[in-house]
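Labels run A, B and C following the written order; every chain starts at residue 1.
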Amino acid sequence: MSETSTTLIQILEGALLAAGRPLTVAQLGELFEEHERPPNADLREALGVVAERCTDRGFELVEVASGFRYQVRQSLSPWVGRLWHERPQKYSRAMLETLALIAYRQPITRGEIEEIRGVAVSSNIIKTLHEREWVRIVGHRDVPGRPAMYATTRQFLDYFNLKNLDQLPALAEIRDLETLNAELGFNEPLPAAAAQHAEVENLSGPDETSPDHGMTH
Amino acid sequence: MPFAVVLGKAMTELPRDLYIPPQALEVFLEAFEGPLDLLLYLIRRQNLDILEIDVSAITEQYMRYVELMDAMQFELAAEYLLMAAVLAEIKSRMLLPRAVDTDDDEEDPRAQLIRRLQEYERFKKAAEDIEELPRVERDTWVGSAEPPDLNRVRTDAEVDMRELLLALGEVLRRADMFESHHIQREALSTRERMSEVLEKLSGRQFVPFVALFSASEGRLGVVVTFLAVMELIKEALVEIVQTENFGPIHVKARSE
Amino acid sequence: MSETSTTLIQILEGALLAAGRPLTVAQLGELFEEHERPPNADLREALGVVAERCTDRGFELVEVASGFRYQVRQSLSPWVGRLWHERPQKYSRAMLETLALIAYRQPITRGEIEEIRGVAVSSNIIKTLHEREWVRIVGHRDVPGRPAMYATTRQFLDYFNLKNLDQLPALAEIRDLETLNAELGFNEPLPAAAAQHAEVENLSGPDETSPDHGMTH
């Protein structure tokens, strides 16, 4: 490795630790004066070396939604966790289910969340999600009352160690109602309308999608 | 871990049979996230796939829960009652002979219910998955180190006097709501002088009273200093000491 | 090196990086359950290895008065320093309120400010005000805890172009902001940022945008 790139690697290491938050390749590039700024490819290559240099260390370099950051290896959490006296916060099922719906179905209104969960969503849950900056309002649905539509934020992804929404665990498949009709406790065939819904179901959510525009996820 | 203690007996799992000790009902219901969750539980308890549920049997069970709740004079959550109505409708439909050609627009409520259950279960599972994701502050922590000494070109934020006043106006408005605070108008020069006097006194045992005044400030300056000392005495921030009659007066910060 | 001590070294690395503050040998020992706690000699030896493993890195392990901490190498400051070259952040409303109360109610303790504001005053705010040399400690109130009393400085007056505090608008006028605007000859509308400060509730530290009011800096 050339001398310059050794310096480059050290600069990246130092900056990532000094920042204490994720930094994007662009932000790392801005550490350099314009005339000495390495091309992004070099930065990425250097980041690769930074990551390699963590082999066998108590920390690793990971890429999350807001960029690259050093973080403590998960296997060490039993010990490192003792640095803090409070136990990590537990989130209620109601809150996690609401968050899951926002994450997988965004943009989604509170009413739509309630429809799927079958119960009211408490304002406290929405408030907490806002305060944690895990969700934000991205617009209002053009229906009476113009309810707010929620989506997740980069901070949500960062917090759960994700680079993007695609990295969320896959939603469980739903079996096709039509073909399983025989197994149902029902004796008669389903009416056509129900069968149609069942098809749509496989493609999109319970949202207002009509069978005509079957949108794919 | 027991999720409820009933009559001194710890309950570690949800009851296997339908009978729930009435005292446990409330806790039992709290264990569910709503009617869909309760229905899923009833189905799972029978080791059934959602698609194989015997709507009739599940309805029976659900209704008995609801009746039990009602007998307990619970204020039934609207959601539970609504589900009871849905189930009742399904059951009644199944008892009726079915017209061959029903209007297609109306969806079979059974299929609708099953779909809702499936949909809910997906997100129940998704919530569990999210809970399992490695998360900051529980499974990992973001690393940081002390930055080097920086000859930081300090670019401080600009503050407009109006912003300051706006902020103060806001505090005052809030403070007004709690009537215990009253900030009345006072001459700020006195307050400013109070700070100066305190600073003069800090770190010293006794300062001669006269040393606080400066002739060069003129009459007004003397008055302001005097008022400031009086205010400091009133607020018990300084004390005045005179050891003998007509002797020199000394001032001392109370806490020094 | 034995396997156990590799784990030990990784635990120390992880903890030091996660803590973001110096940790003493004793504090590091407390990361372990009592029965598995390594003797101090082992901890010190492991810290030695942790330090060695920083050779050629952008950071190093140093011992300061309050313990061991990772520190970014001084030689990297020209680059790392640029992390802080970003545009200055707007001060939070919490900070402006604190400053206003110190100006108008000096000498005043932190507790008194908190009482009027109804919320805690973060240490960061006090630190920032000190760094800008806008406030100073003029004594300590003679009550339990002997809290410091704050007052404004000459620099504060200079910054706001005041000869003395009497030139600050009288409190009574502040209650009526509209009149105040007129009296002060502020005919133009308030800067957007200032108006928004009034909306953003209780953010301490540098102003952050809450997702609801997408404000641009």
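List of remarks:
What we mean here is this: a residue touches a chain if its C-beta (ideal position, glycine included) is under 8 Å from a C-beta of that chain, and two chains touch if they have at least 3 such contacts.
Worth saying up front: this structure is predicted, and the values here are computed from it rather than measured.
The innermost chain, defined by the distance from its C-alpha mean to the mean of all protein C-alpha atoms, is B.
Distance between Cα centroids is largest for the pairing of subunit A with C.
One inter-chain figure worth recording: subunit B and subunit C are separated by 23 Å, centre to centre, where each centre is the mean of the chain's CA atoms. A straight line joining the Cα centres of subunit A and subunit C is 30 Å long.
Counting partner chains per residue, subunit B shows two or more touched chains at residues 141-148. Among the residues of subunit C, those in touch with two or more other chains are 14, 17-18, 20, 59, 70, 72-73, 76, 80, 83. Across the complex, subunit A meets subunit C through its residues 6, 9-15, 17-20, 30-32, 53, 56-59, 70, 72-73, 76, 79-80, 82-83, 130, 133, 135-137, 153.
Looking at the complex, you find that subunit B touches subunit C at residues 141-153, 155-175, 178, 181, 183-189, 191-192, 194-196, 198-199, 201-202, 236-237, 253-256.
By the touch criterion given at the top, residues 14, 16-22, 59, 69-74, 77, 80-81, 84, 88-89, 91, 93-94, 96-97, 99-101, 103-104, 116-120, 158-162, 168-169, 171-172, 174-175, 177, 180, 183-186, 188, 190-195, 197-198, 201, 205-206 of subunit A touch subunit B in their complex. Of all residues in subunit B, only 33-37, 49, 51-56, 77, 79, 83, 98, 102, 104-108, 110-112, 114-116, 118-148 touch subunit A in the complex they form.
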